[in-house]
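Chains: A, B, C and D, in written order; residue numbering restarts at 1 for each.
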Amino acid sequence: MNADIKEAVKKITGQVIEWRRDFHKYPEAAWTEFRTAEKVVKVLNSFGYDVTYGSEVVEETAMMGVPTQDVLENSAKRAIEEGADRTVIERMAGGKTGVVGTLYTGRPGPIVALRFDMDANEVQEKTAGEHRPWKDGFASLHAGVMHACGHDGHTAIGLGVAKLLQENKENLCGTIKLIFQPAEEGVRGAKAMVEAGVVDDVEYLFGMHLGFLAGSSDRFICGTDGFLATTKFDAYFSGVPAHAGAAPQEGRNALLAAAHAAVSLHGIPRHAAGVSRINVGVLEAGSGRNVIADKAVLKLETRGETSAINCFMQEEALRIIHGAAAMQGVTVTISEMGGASGGQSDTAIANRLRQAAEDSGLFDVIEERGSLGASEDFTCFLERVQENGGQGGYAMVGINRAAGHHDGAFDFDEAALSNAVTVLTLAVSNLLQKDALSE
Amino acid sequence: MNADIKEAVKKITGQVIEWRRDFHKYPEAAWTEFRTAEKVVKVLNSFGYDVTYGSEVVEETAMMGVPTQDVLENSAKRAIEEGADRTVIERMAGGKTGVVGTLYTGRPGPIVALRFDMDANEVQEKTAGEHRPWKDGFASLHAGVMHACGHDGHTAIGLGVAKLLQENKENLCGTIKLIFQPAEEGVRGAKAMVEAGVVDDVEYLFGMHLGFLAGSSDRFICGTDGFLATTKFDAYFSGVPAHAGAAPQEGRNALLAAAHAAVSLHGIPRHAAGVSRINVGVLEAGSGRNVIADKAVLKLETRGETSAINCFMQEEALRIIHGAAAMQGVTVTISEMGGASGGQSDTAIANRLRQAAEDSGLFDVIEERGSLGASEDFTCFLERVQENGGQGGYAMVGINRAAGHHDGAFDFDEAALSNAVTVLTLAVSNLLQKDALSE
Amino acid sequence: MNADIKEAVKKITGQVIEWRRDFHKYPEAAWTEFRTAEKVVKVLNSFGYDVTYGSEVVEETAMMGVPTQDVLENSAKRAIEEGADRTVIERMAGGKTGVVGTLYTGRPGPIVALRFDMDANEVQEKTAGEHRPWKDGFASLHAGVMHACGHDGHTAIGLGVAKLLQENKENLCGTIKLIFQPAEEGVRGAKAMVEAGVVDDVEYLFGMHLGFLAGSSDRFICGTDGFLATTKFDAYFSGVPAHAGAAPQEGRNALLAAAHAAVSLHGIPRHAAGVSRINVGVLEAGSGRNVIADKAVLKLETRGETSAINCFMQEEALRIIHGAAAMQGVTVTISEMGGASGGQSDTAIANRLRQAAEDSGLFDVIEERGSLGASEDFTCFLERVQENGGQGGYAMVGINRAAGHHDGAFDFDEAALSNAVTVLTLAVSNLLQKDALSE
Amino acid sequence: MNADIKEAVKKITGQVIEWRRDFHKYPEAAWTEFRTAEKVVKVLNSFGYDVTYGSEVVEETAMMGVPTQDVLENSAKRAIEEGADRTVIERMAGGKTGVVGTLYTGRPGPIVALRFDMDANEVQEKTAGEHRPWKDGFASLHAGVMHACGHDGHTAIGLGVAKLLQENKENLCGTIKLIFQPAEEGVRGAKAMVEAGVVDDVEYLFGMHLGFLAGSSDRFICGTDGFLATTKFDAYFSGVPAHAGAAPQEGRNALLAAAHAAVSLHGIPRHAAGVSRINVGVLEAGSGRNVIADKAVLKLETRGETSAINCFMQEEALRIIHGAAAMQGVTVTISEMGGASGGQSDTAIANRLRQAAEDSGLFDVIEERGSLGASEDFTCFLERVQENGGQGGYAMVGINRAAGHHDGAFDFDEAALSNAVTVLTLAVSNLLQKDALSE
């Protein structure tokens, strides 16, 4: 069967690359992946998947860091102008751009899910020199937005896997769910899909990323650990303005509240149980030099080696922010802007991925484990699956890179696309092969 | 009559100096003026005054900055060992060392009060060189305590005035109250006597201080202004200790709460309506280098050109302290340690003092007004009298000084004692002379 | 002569109003007053004044808070499009929009200067309801810019005075300088004209403002005091960015430097010698939530009742800012963005203005003195004149207002324009009348 | 041979306990171990060791956190009164209480060192209830000082090992150094002995501690890791006092400098390479409520999983402290009060200790590794030995405890003493046995 799969991959490699370049040319930032998601819907439908999207798979109350209504509407309008089907777009109103495609084999067996993220970055793509997307005519047409983290590739890989599994359906048992998630950047989107229940019945979960610790095309990392649990939030302070010369005593100083909070937040004690992080990345306060500032915002994040440590950090942070507001007599409101759990890939899944990578013969270096040291909201799905007794794992598929992730010159060797399609298809196929369930 | 008074002063000058030296030799700090007060009681009784003291004239719930029970008891015991009457001392238990002596003329007329303060400073007296109290054998016998602000003189002056008014009683109408106040240092004592009601019926109030703006024996300042309203308080933070290496996250850091509070307190906005002040003079926190500090104390004061401004400062300060505690998750308790109002001498009283000073012929330079720029809890009495429609004023009687106030080498020319007795007696006598009430 | 002047004012009142409305319709913010200044040049030339402008009267190295080159160039271009003479505009390149018109009487006598400011505010004008400029068709055509502080009126008044003095030239002696200053908002422009020497030879200096303490058309304030000396500056912190999750230790945190500085700046001690102020009105730091912020800016101002107190505040502020940068290992650069001196109107000038106001018969309420409690860079001219032994004063001419200064609905009763022209012309004419110099 | 050693241990067990109780009864805090060290000198001499002490083994310039001269002198005097030899004590003047005893076997072979610490804690021993030292009459006779960390045991163990190795000398080759270190508490003493060169020639180094992770008598931990490198220091700020009401602008506020420093120090970024710690445990500032504080002290410590991380923390801390001083215009001086390196026990040594523990048959639970998570200046010796190509390791010998370390009720089961003597003697004997050097 493995040989068949490899052969099948070859046939669709051109198509996968085409998908990826199309997504790359029309990048859409978090919660505005209308055109991308519409295409995913269309393609999955064409493969015979049962497709759900919009509010069926995205719980509105759990969406974090959503852009303004204006931005959402303009993005939806743009998607339609760029050819998307208006009816589909309308069902994604408000940014509910998540899609789930389900393939029922008709035979009893496990429920397996694969998760892919679709959003682009708020980065201006390089349009000069040797930058291949620009030279080859598929650079971003959307100013200030770019696929600089490879999610265009992830989405294309997801569609490629969809195709191969569908072709191979007769040899498989159980059920396959392909989850296409919006808004991974800022770890904003996974929670809303988890809260909508899309993995509540899942027994095996696979996730992947191009690159990161796998820094060349010949490398494959089977199980990723070291996901830092994280919470992103904004704190808006509101005080009372006053003329700084004539009546300073009448002010309630939001700038000082924010400054005190920032200083104190960085002093949250280190946690002895493991890695913790805090960062106030943005502080903006005040309007005029001679006015007691009545508005201020902090944009911050906490992280922890475990969800418990991140929870400690978050609680400390909230207490400090409220205390700093009280200190200056101003009010504060907090908006949660993103979040992910900590997590560990299950060894069983990592082993399956290792087996598939070995079987593929595509990689020179296959590593058991890699420690990310950053955050990915794949962990929200993973946590739910593990809580329900299931298993999950997250691979990193090697790429040769033109520049680092999130850089305007980011590009990667597209051979990685079919490599990833191959490994994931092999792993799922092995897991769901009709006669192998006794393992 | 003036000539008679001047003659009478001469007769008691030696006695007044003797009293002053006795008080100087046995100085007693705030709320421990047991021996001093007992002597005042005894002398006033001997002059035929109606004398009240202890809880009759000091409201316990309004006493601020009282020493520990140990200190109070040891001081009371010491006073008895130094000759004070045990029965009197026992009625002053807990530091209620205020005394009021009342002289009824038996003729209808105004109620006039004079206020004198009795407490010494926590200063070590110089015992060397040309320091006169030491050379002449009346330097402090109490280690670490010294009359370095002239209150020994004030008390002696009060007794001198008591003597002269009693001798002159037949020429006077109305009622005279001589108020001997404990704990002026730290502005801790006046409030408790005001709350006990000792000036509720007073129509005219006189206060005075040796020196300050009147820097030589030939000067007299008739009306003092520029009293800064002030509040003194201590803030005790209490958190949770933890080992700084093994479990920093388990601590609740009182040191950081206090540090944040101190920094923020100094940033209370300037008040456009007038002078304001804030000072955290003392911060003590923590016990060991490797322990998250669970205890901290701030000792601070606010001031304002008016009571309203000081009130603003105090409210800001309290809010900040509570906010800083909340920020660090620690608790805080506040103890009010002292306080005084702002205030202005009434012109009518200043004029009476000017007239008396002129009549005395004792001063070369008589100034209408002086602005203190500091705090004195005489203002608590003044505020109450003025609220009730009465008038009050505060004079400064010139002294030649050996060193500045509160200095271990402080001493003054004792001629000022009889000068002060003369002017105050003249002023009161003029006000209460039997036939002059039509003025 | 007074009657003649009043008659002459009537004849030009319509013209003055027309000028004011023209300036109102084409408002120009600080250092971009190209069209306004060009018109002033043209009109003064037409009156026969000797006119200098550009680098002759604006010292480039002393210009503060100048906009970017882009803004300057676009503004100059716009002025030309709106009808200004290109040659004149080119001589004002870089924002040197100050103008000085000099009238030589040909007779020996004092040198008298009047100063008017020309710049508009960065305020969006109201375009609705009863707002008169909008109803009557002279509301701002420049988005986001508006004459909301009356400088349109000041410039028109200056031209009116220019006309009348020129007409009356034969009755006058000495020399008259009319100074039209850019960039009073933010107290940015006066220093550059003073440094160019425009008042170095001036013996008498007059300044004025519509409104402020003179809140109705029937009021006139002869001498303004209580100018707060002030310094405006920006502090740019520059650190090192780092990923907040992966390598926080590699960052140098500019946000924390700015936050510490802001907190500490507000804690600069109150100055016992008089009013002081400090305000950090704006703090902007950081670019992304998950990046250690490497950039931050503080916009702040200090003030003082005297230049000495402001100097103390400024020195403290600079030390704190540099210390905070050192604390976080970041660099900081300071840009001075504006500044004014403290100052007092000379009584002699205030008296002249009072006399003129009385002679005008236009005001019901004439006040000797008013205390501004804010900053005006007229004081830079005043300080220079007084240092050279001259005298100066600053009047406030009453207006009925539709809304407060700097409000988008600000408007005033244009009767004030001729009132101001009258009083200033009278005051100067009295001072320079041919036969009156013996006074 | 092992059987012989075990037999030999039995014979000296009573003596070891007696030594321990003697040290317990006369506890001496850091740098004042005069009596203890004198006894060690005397005993080692009696065993025929070559003994050096005082400035030969303690480098004065590297002594940290030394008590005042008064304390040193009083302690030395007390030791003499308690029976110590005056001549020996005098050679330890200034606190140089370190002792090194060397045993030369006379046969070529490795140089092996064992290190024991001798100082007591500043803890008041419990003198009530079931506290065994009190019941059995060997509780501390020195108020406020107590052996609450088992160093009395360590010293006794060292003497026991000295005895056994000397008895077994004929079977051994190489050289044995027994190092008795003062001032381990506060990690103050090791550096001075290392700088004196006492381990410069050492090839194998052993250290041990009773208890900690080995919480019952049947446990033995062979190799300790997780030593946190640490630096302890005090920062003394010195400013200018001023009256907070009359002239606040004249002060230079040391309290605010210390508060800002404390707040900022806790915000030193977490280091991604491993565990870091920072704690300001003590802040004391100011003298009076109404005085701008001119003095402040911070007592702090940094820690790191490696010396490099601690070095980062220390450099950040120093920069912040100096920056905070600059911010307030005050001066600061830093005193290093203690320090230790990070470190790892070498596996080869841990294996030797495991072998010895197994051979002893004394322990039920033998663990390969334990992670301390705290600091111990044994690491200073270890670092030097490892730098020179040698090996070292640190064991934890189980105790049953009455209370936690550093608690006034601390006590331990004295069986641990002979257990430790046995294992250490076995380990050294195996390493130095005459015929085993080929291993």
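The definition used in the following text is that a contact is a pair of C-beta atoms (placed from the backbone, for glycine too) under 8 Å apart; a residue touches a chain by one contact, two chains touch by 3 or more.
In this text, all values refer to a predicted model and were calculated from it rather than measured experimentally.
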(message) Report the chain whose CA-based centre is farthest from the CA-based centre of chain D.
(response) C
(message) Tell me which has more C-beta contacts between its two chains, C-D or B-C.
(response) C-D
(message) Using mean CA coordinates as chain centres, what's the gap between chain B and chain D in Å?
(response) 54
(request) Just give me the whole-number Å value for how far the CA centre of chain B lies from that of chain C. (result) 51
(request) Give, as an integer number of Å, the spacing between the C-alpha centres of chain D and chain C. (result) 70
(message) I need the residues of chain C touching at least two other chains; which ones are they?
(response) 246, 248, 253, 256, 260, 263-264, 266-267, 269-270, 272, 277, 292, 373
(request) In the complex, go through chain A and note every residue touching chain D. (result) 263-264, 266-267, 269-270, 272, 275-278, 373
(message) Residue numbers of chain C touching chain D in their complex, please.
(response) 246-249, 251, 253, 256, 260-261, 263-264, 267, 269-273, 292, 312, 316, 319-320, 322-329
(message) Show me the residue ranges of chain A that touch chain C in the complex, using the header's touch definition.
(response) 186, 228, 230, 232, 243-246, 248, 253, 255-256, 258-260, 262-263, 266, 277, 279-293, 296, 299-301, 303, 337, 373-375
